[in-house]
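Next come two complexes, and both contain subunit A; in the first it sits with subunit B, in the second with subunit C.
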Partner chain A sequence: MSSFSRSAQQWATFARSWFLIDARMQPPGKIATMCAIRLQGKHKPIYHAMSDCGDHIVVMNTKQIAFSGNKWEQKVYSSHSGYPGGFKQLTAAQLHHKDPKAIVKLSVYGMLPRNLHRRTMMQRLHIFPDDELPDDILANLTEELPQPREIPKQLSEFTQEEIDAFPRLWTPPEYYKMK
Partner chain B sequence: MVFLSLSCWIRSRGPDRYWKVQDIVKNAKHFRGRKNRCYKLAVKAVRRAFVYATKGRRLKKRYMRTLWISRIAAASREHGMKYPVLMHNLTKSSVQLNRHVISNLAITEPRSFLSLAKVARARQQEGFRAALGDGKEPVGVFSRVVLLQ
Partner chain C sequence: MAARSMLRSVWTSFAGLKLGATGSNVIFQQGTTIPQLSAVTIQSRGLRQVVEKQEGKTTIIEGHILNTPKAPEPPNPEAKCPIYRWNLQHKYNYTDVLLLSQFIRPDGGLLPRRITGLCLEEHRKIAICVQMAHRAGLLPDHKPEPPANQIIKKPKQQLNRYLTCWSTDSVKPIYKTGLKWCKRRMAVGSPLLKYNVRYGVKHMNIKH
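Moving on to the complex of A and B:
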């Protein structure tokens, strides 16, 4: 790379990459922090707020996002239309049903710095509810980022041999009724 | 012959007014509106600009340090370390490079920065071994601070 000319080296240093994140069974907040860091360009040692060094991020499978705790029922997204009586409050579950992209979009929007670059950075974020990506975006992708949360294995995914091999912790008495 | 009346009335009232005005107005040439031309308005604007410049010289040092820190943090995360861990272990290994130099290394000398990250990682592991171990093992290479005389 030292054999590049100066302009070619500059071009290579400031080129915009396209990252892919799979949001299946991931908490939307963790996805959003990863997106916000890379949209601003803070993952690069050449970062400067004025240099426009952010990258593109493609988030897929946002329909299968996983909040921890009871946030699906307790987290409230509020908005006001501007007209009197226009204050709307939606729980996370209702908002996700109405628009599966909105939760990730709002989380990333809230994590970006509150300046005029925020709208441009949001335009570089591409969210898809399923894993079908358009061809032009598929052609641009450079790297897939590892998922922030390890997906725990579900009981149905264990084979019968593994279930049998698991040590028995206690033997229930005869009158005990299992669910 | 001595002129007693007419020429006594003609006096030079400060021959250098032009340059005194220009001294101030030249600092306002890039301002907007009449304050880049008219002396009365330019004086106020230039004084305010100089006050902001004085305050800005102190803020610049703060901004530059935060920029260096965020650049070093980004580069160290590329190598799987976090900024506070890196800096703490570098100071413990008596590497006295400041953030300015380390951020420049991170940009232009990536392999030198990688070696700094490895030094910090080794010092961190030695610290863990010293804390968790029994004390029977000798402290590692990087923990023995060499005092130069």
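Moving on to the complex of A and C:
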């Protein structure tokens, strides 16, 4: 802001902020792109790859992440321990059951640049499966980011007036008994 | 329907009569419609409410016709399919539960096409949208009743999903995705909905 003193403006531009993202009913890929952009610092006009301008991101509710299509059954996460016979392949559903944080972590890891800064950026990413956050992280949070996907309404969440306001598209014939 | 049931009751009452001289009369009446009743044309049917009244020793059962308010006029009344009548052809998705719930049974199944009056392509689109809505958990009250199971099964892992076109048990994991030019893609959404109105420049991506 132009009304700040020079030192305050300097502090405001180069400070490392903490963002919060709620991953409830969100696709992990879209969450990961938002995280990767802010961990690198690409959302700032003062970005430079060498100037370590990334921010901290806290992702909560990763247990309730939503994949589109049949990716829970089709998407396979593979890893090799290095030893013979150490090739493991797990479907997204199995991996999520074993560790609810892993899917978001792997997606963000794959979206960061493949250099030595990647590990430090991953240390600045904090993932929590539930919405219980420790107090010191809660105290640091500055901004909550809007969710990328609009969560659709369930039929039970509509009020009776909204249901009545929607017109009946067809009338059943007289001889048909609605079971 | 009431006229027909009344006719049927009249026929059966006449059939019960054992008249020797009027035997031919009975057959004649059974074959043709009685002219007095056929003059009654039922134009508008309202919902009926059966009311029971007890006055001392007599019980009176009456049927009152309820006043149903007039339904709003569809913008295109000449079309055969209800979706074309309301000009909703390429405008609905799996999230429009208020629309989809009008074509389903209480246990989640779809109503037959000859009853709803939908054209074939719209019926298929609605079917796939209803399937996707069920799998996304948008229709929680329309689950089928489980049969009396004494064995309490382990609850399955509740995974959130959306735009799932295939059934969860029928899909196999893709262990080898292949190289970029021959990748085995994962299907999201349905090609039946590819002509839906989109307010962006990009096409709907079905192959992820």
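Note that in this section the second predicted complex is superposed on the first by the 162 of 179 C-alpha atoms of A that agree within 3 Å, B and C clash if a C-alpha of one lies under 4 Å from a C-alpha of the other, contacts with A are read in each partner's own complex, and residues count from 1 in each chain.
Here is the rule we use: a residue touches a chain if its C-beta (ideal position, glycine included) is under 8 Å from a C-beta of that chain, and two chains touch if they have at least 3 such contacts.
Nothing here was measured: the structure is a model prediction, and the numbers come from that model.
Participant: Clash or fit: what happens to subunit B and subunit C when subunit A is overlaid?
Facilitator: Subunit B/subunit C on subunit A - fit side by side.
Participant: Could you say whether A:82 touches subunit B, subunit C, both of them, or neither, answering first, second, both or neither?
Facilitator: neither
Participant: Of subunit B and subunit C, which one touches more of subunit A's residues?
Facilitator: C
Participant: Classify the contacts of A:66 with the two partner chains as first (subunit B alone), second (subunit C alone), both, or neither.
Facilitator: A:66: touches subunit C, not subunit B.
Participant: Rounding in steps of 10 degrees, give the angle subunit B-subunit A-subunit C taken between C-alpha centres.
Facilitator: Roughly 130 degrees separate the directions to subunit B and subunit C.
Participant: Check whether A:74 is in contact with subunit B, with subunit C, with both or with neither, and answer first, second, both or neither.
Facilitator: Second partner only.
Participant: After lining up the shared chain so the two structures overlap, which partner does A:47 touch, if you call subunit B first and subunit C second: first, second, both or neither?
Facilitator: First partner only.
Participant: After the superposition, pull out the minimum Cα separation from subunit B to subunit C in whole angstrom, please.
Facilitator: 14
Participant: Where on subunit B is subunit A touching in the complex?
Facilitator: Interface residues on the subunit B side: 67, 70-75, 77-78, 103, 106-107.
Participant: Using the touch rule from the top, collect the residues of subunit C that touch subunit A in their complex.
Facilitator: For this pair, the touching residues of subunit C are 1, 45, 71-72, 74, 82-83, 85-86, 94-95, 97-99, 101-102, 105-106, 115-117, 136-142, 157, 159-166, 168, 171-175, 177, 186-189, 208.
Participant: Spell out the part of subunit A that touches subunit B in their complex, as residue ranges.
Facilitator: Residue positions touching the partner: 42-48.
Participant: Which part of subunit A faces subunit C closely enough to touch in the complex?
Facilitator: Contact set of subunit A toward subunit C: 25, 64-76, 89, 91, 93, 96-97, 152-156, 158, 162-163, 166-176, 178-179.
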